[in-house]
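Heads up, the thing below is written out as structure tokens.
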Amino acid sequence: MELPKGKHNEPVVRVQNLAIAYETHGGDVNAVRDVSFEIHRGETLGLVGESGCGKSTVAYGLVNYLGRNGKIVHGEIIFQGESLVGRSPEELRRLRGDQIAMVYQDPMTSLNPVLRVGQQMTEVLTVHRGISEDAARARCVEMLHRVYMPDPEAVMGRYPHQISGGQQQRVVIAMALLNNPALLVMDEPTTALDVTVEAAVLDLIADLRRDFDTAILFISHNLGVVARVSSRVGVMYAGEMVEQAPVREIFAHPRHPYTQGLMRCVPRLGADKAGSVLYPIRGRVPAPNHLPPGCVFEPRCDYATEHCRQERPALRQISNRHMVSCLRAEHIRASEWRPTEDIIPLLPAADAAEPETILNVDGLRTYYRQSGGSPLDLIGLGKKRYVRAVDGVSFTIPQGKTLGVVGESGCGKSTLIKTLIGLEPMTGGEAQFLGFDLEKKASQRDMGLIRELQMVFQNPDATMNPSYSVGTQIERPLRRFKVVPTNQVHAEVVRLLRAVKLDEHYYDRRPRQLSGGEKQRVGIARAFAGRPDLVLCDEPVSALDVSVQAAVLNLLLEIQREQGTTMIFIAHDLSVVRFFSDYVAVMYLGQIVEIGPAEAIYAPPYHPYTESLLAAVPIPDPSVAQQHIRLEGSVPSPLNPPSGCRFHTRCPRRQLLPDGGAICEREVPPMQDAGDGHQIHCHIPLETLHDLEPVVTIAA
Amino acid sequence: MITFLLRRAFYLILTLFAVSIGIFAMSEIAPGNIAINSLGNTITPAQEASFNAQNGLDQPAVTRYIRWMIGSDWRAAGLIGYPVRQIYEADLNRWSWWGALPDGTLFQNYTDDGENMIRVERLADGSTRDVPLGPEVWKTDAEGFPVFWGVDREGRAAMWVRGDDNEAWTLGKSTWRSSKGAPRAYIPLQKGLLRGDPGVSFFTRRPVAETLVPRLMNTLLLAGIAFVVVMPLALALGMLAGLNEGRFLDRLLSISSLVATATPEFASGVFLILIFSTWLKWLPGAVVVTSDTAIFERPQMLVLPIITLTLIELGYVLRITRASMVEVMRTNYIRTATLKGLPQWRIVTKHALRNALMAPITVIILHVNWLIGGIVVVETLFGFPGLGRYVMEAALFKDVFAIEAATMVLVVIAVGTQLVADLIYTYINPRIRYT
Amino acid sequence: MLVKDYMTRHPIMVEPGRRVVDAQRLMAESKVGHLPVVADGKRLLGMVSRAALSLRPEQLEGLSFWDLTDYMARLTVGRVMTPLSDIHTISPSSTLEEAADLMIAGHVTALPVVEDGGVVVGIITQTDLLVELRNLLGAIEPGWRVVVRMPDIQGEFGKVMQVITARGWGVMAMGCVRSPRRAELWDVVLKVRYCERDELVAELKKIPGQEIIDIRETTSYTQ
Amino acid sequence: MAVIEQPATLTAPARPSVWGRIAAVLALLGRSRVAIAGLILVGFWVVLAIFADDCIIRPACWVGGGSDGTVVSTPWLARYSPFEQFRGRNLEGPSADHWLGTDRNGRDLWARIVQGSRIILVLAPISVLIALAIGGTLGLIAGYFGGQIDELLMRVLDALMAFPQILLYLIIIAALGPSAVNVVLAITIAGAPGIARLVRSLTLDIKTRDYVAAAQTRGESPWYIMFVEILPNARGPIIIDAMLRVGYAVFAIGTLGFLGLGLPPPSPDWGSIVNTGRKFIQAGHPWDALWASLSIASLVVGLNLLADGLSEELGRYR
């Protein structure tokens, strides 16, 4: 419990009716309108919202860094009692980096590649405080200690590309804190990081807020992340603040229809497709220059009335510290919400009989040749080194089921499915699919095999060829696989478009005219055009906003149910994988460490790696209790994987074994069968693993 | 990093080698005829054949390439039985080849009748004396002919056949001269490019190196001054334009640099001559070299050529630097630097400069090729006696050894600067240094 | 109980070049009574208080309205502040008692907290000390506030604690001080929880030689 | 720097016609003053080249003739035949009769300059097109297949690029003799490696896109992927580069002409006009050199302005 201070409650920063516009060819675009909030010492205000909602614009507006075409139209930013609007560039410069600091989304590009970490850090001090280089260095090293940087002295002498992404973000955070700023603005600081690294950085941010009593503006699109670090949360939509409340309050009792909609879009950890449903928000975020006349959310709102169409609501207080901008806030209850008819996905029917195995992978290996840097390599005599991207993976999938694959980036999950589909050459092992051998590359495969094995890609902006219309791109597989007679191709394309909830007007559209979600739908239509038996999904929803993500997941489920398709589904979001998959495989450094039915993976016994992944997942519910297990260090190089159990260098549970798990370094862990196809590769006995406490406990 | 540079150096050498073959092949397939070029188009076939044989032009291309690259003296020495040596004859102001007896005496051979070989021995004071040789010098070769290998009076390794009454044609001061008892085959002696001997020019009949070097010096002077003038100026102006992106200064610099790069040297040269020489009469419109030191005595002659040469480079480098600067100023790390509250000058000098220089430096160096093109044009336009004009003349004359030597020099310069660029690049880009 | 736990971090500060009128407005709007005057990089130069910013007639050249406006427009914080040489500063790792001592000695109501050679990290005021006092005496915890007067004998205090712990009650806060005007006795203030008033009184009365001076139920006034 | 994402324009016609696309490109160009200036300069020369005389309606011109001095065409914009010699009127300055003056042989300079534009505007684009075809294909192959093929191709092209271009021109022309075909050949050989490099780097980038992987998973042939999936998406930078290269080609043709390696006389190639004209500068007759220099400079500057404006506008909407 925190002791009340009892006095002096003026906020560090107070924003009043802030409006920011960008000048474009077509006139000014109002990116942010009438946003107000305040942040006190030691408080974190989390700003959430989908992309294009103006979150980052608020952040950069706060530090008055809007580029040449951006301007503050009206409103006030009061920082430490004084207005920031209209200050001279020199005054602003003195505040930046001293009283106001920033942490950015992408740490790699935010650090200067040609200067050492030390040079970049010390200059903050030497410029603002005018202290000597040596004194500055000492303080920087101390600050790196504070952010739990291993070996700070050495890091000071390194270049940014020589340290890992998580460490880069720690450097950026340490740099921001050097001058003990009163306000810290963090723009998606963990978005580019892996879930385990993200958890560590979020812990760090919470620690630092306590120690430094800094006011933090924390921006993220991820509800789970915001729930973990914020004391209050503001929800932004189309450039407006639609709701603001303390973190527990807003997650327990969201009042604005948009906030409620967002929460219905994300699967709760532990929810699965049999027992729960995702409800996407219909429509899309309006462009800032095509706003509806009334409430900005009205076109997508289930509660909208004529009144909402005419009057734009202002943010108003509806209870102690809870503010919302909805005309009908008092009348709507989240619990009484019923989905409109057309977005209820039909649940998959229960299994009638034991399905046959469709894909059988045994000891699959994919190595990449790594060219070394020695002079011998120049003439091709160097020692051959291999990146073991996938190293002995075995599993089977029954017909019509979904296997989810999870793991940190670099664990080999993408390489696995690229090998299966023939984009990467297989180094060893076997993969049998419908009697076909998957050994050859895609270009040499039999057309029948190609037709039955398709893929849905991650990046919506790259999944479609920008040079051709939607129709042309869906037609291509139809013609190539001769799915339907040539004269029916057009009709079939229209049917496929309808199947992915796009109407036939989309036939002639160009990819640049589509939103991310629509592009992803077209990608799905293209993959399913040949009615394949197995579809590999490489993070199909991770680049999408949550409301679109829900819609795409529902769509995939629906098509899968209709066509009885088998899927392999890769995602880094453990909640999504749990929701979507029947079976889950957890990969680490090219190997499967645990595999089994989805519900079994998410409850003890766990593999220690699975356990730490689960502990790291940001859960969009502050009332959920989560164990604090953090992995140390970073993933070792797949060029030279650790001996024995590959996870032994980071395993937090080794102590459970006699002599601190010496066996883990020597011997490859045995496969232990926990029943029902649940396999764990670990030296720790199943019973011990079984007795571990569940990582996540959801309050009843 | 060392590996990286080693790799680059390896490829550069490979490139040089490929280029040398390329040029050789190119001059090989060319339909022109050196004999006609150097002797005029009234020669008889016999005269042409004789000329070709004397100059080794009757040999297959591969043989000639090898001779040119690694020399022919070692091969000739094997046939003659004595080593051959090149000496400088100060009184005649020329280089010539002699055979060397074991006691160090230098000799050449000739015969008037195809029967009695005569050895001309060179004495210490430069005079010669004839020593007749006995019939035992004739050796039977693989095909059964009695032959003798020696060095002829022109300094070529030559093969006489006993009793042969071969006729050789040589062009004297103004008339053709035919001599009897001439050798049947020749190997023109040269040390080869790898040992620093690029051969003898067909045009001037002088060693290529002798004429090439002063030309090269002149050109290096011209290009060097141009480079020293243009680089700092262009980089500075480019940075200035990039920092003021979109403002008037930027527009002015961008447009004028575009006009400067887009105008061919001969056109801008004509404009400059018209303005500064014909109209204002400030500067001479041509370079007249009367002596070796003329350039230093009237340095104003160099002003217009240098300006002409620099205009294109100036504009080009300026544009590249500007684009690079604009790009760098938009990066996230410059945003970080700004939001760290650093003063503008510090952002520019510490954060932007090194990054912004990376692109121009590599591109500038690659652009040395263009500079060479410019040199040819500028030297032609202003009558400047440099390497560019030398190449031009050699190419028009089909003077193979001269072209090859000059080309190799130019390619070595082009390729060498690339190596320098790599060094600079690795110095300013730490990412390369550690990978 | 260290300064760093009770000070206000990130205090509002002014630069010496600011006009006095601006500083006055800043103090009024943000409801603070002291402003550290800092140079670039938050290095302490001096302090100003509301009193220092008020007009001093002897410094004025005339009393006409225009003179006054002109004077105020030119007057900067740097000219009216109490310079660094005349003020006390404290480090964040000092104790609150040291802070109190400095304030009493210097007749000031606030101290700038500095570290690393003069960089301001916070400010501690009398109010902060009062907050500590309040919390020390448990004013924010609900329960019975009882004052027991006891003789200055070894073990007397233990008796009280024994009685309370024996019943399983909790002591939320306490303070000991020599009784006012009676130096041979001690007053002990206790905040006791989980008990009834009558029971508490009955138990304490059993201790010989001690007397209950005051007992009342208190709750927090401020949050 | 925050950038507002432009909303997809849903009102745009779904399938624009060819003219619609041309109009769109022109509209894009219209936004940039730089591009307009370039368009005017280039357009001026193109119009002159086309309407110099009635050649476009007189097939006799196409099969040759004219170069020997016989008049086969009726002048429109050119006023006189470029080969007609006006006796006694050599080395004159500009006059009402001969707008730009006459050359040493008494030929009308205006007519020769106009005729020269025709030569250069045919040769330059042709050589660039050929270089594009060769270099583009090599670049696609190197970029798409990678590995040993890439290594080998790029080494060869690097060697070609390390070679000073002017030497390439000199050697090729010196070897093969000055003619239009050889000029085109020389420029093609000199230009192809650069294009190959550009296309290769674009290919390396584009081949990592998911739609290429999608095509591969459909089992498409490498050639289909290269030319149908990859090439169309590289067109923007290629077009801009090609436009710059036409400028370089004009530049190079002029330089060759100036060095006496261009088209054989009496062909009115601009470079040769400067070359012969420069001897008369000191003699007080700068007109030949001046007009021809101005012409070539304005054309190359125009092409560069056009490419510059276009790339800037494209970059803004990327």
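To keep things simple, chains are lettered A, B, C and D as they appear, and every chain counts its residues starting from 1.
Simple rule for what comes next: a contact is a pair of C-beta atoms (placed from the backbone, for glycine too) under 8 Å apart; a residue touches a chain by one contact, two chains touch by 3 or more.
Given the structure is predicted, the values throughout are model-derived calculations rather than measurements.
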Most distant chain from chain B, judged by the mean position of its C-alpha atoms: C
Contact pairs, highest-scoring chain pair: B-D
Intercentroid distance (Cα basis), chain D paired with chain C, Å: 82
Between chain A and chain B, centroid-to-centroid distance (C-alpha), Å: 60
Chain centre separation (chain B, chain D; CA means) in Å: 30
Chain centre separation in whole Å, for chain C relative to chain A (CA means): 47
Sites on chain B at which at least two other chains make contact: 335
Residues of chain D engaged with two or more neighbouring chains: 1
Contact pairs between chains, per stated definition: A-B, A-C, A-D, B-D
Parts of chain C lying in touch with chain A, wherever the complex brings them together: 8-10, 12-13, 26, 29-32, 40-43, 116-117, 119, 121, 127-128, 131, 134-135, 140, 222-223
Complex interface listing, chain D residues touching chain B: 1, 34, 155-156, 158-159, 161-167, 170-177, 247, 251, 254-255, 258-260, 271, 274-275, 278, 281-282, 286, 289-290, 292-294, 296-297, 300-301, 303-305, 308
Chain A contact footprint on chain B (complex, rising order): 3-4, 6-7, 10, 246, 331-333, 335-343, 346, 350-351, 354-355, 428-431, 434-435
For the chain B and chain D complex, residues of the former touching the latter: 11-12, 14-15, 18-19, 22-23, 26-27, 29-32, 255, 258-259, 261-268, 270-271, 273-274, 278, 285, 330, 335, 366, 368-370, 372-373, 376-377, 380-381, 388, 391-392, 395-396, 398, 403, 407, 410-411, 414-415, 418
In the complex, chain A residues that touch chain B: 63, 65, 68, 93-98, 101-102, 104, 106, 109-115, 119, 123-124, 127-128, 159, 161-162, 172, 175, 373-375, 378
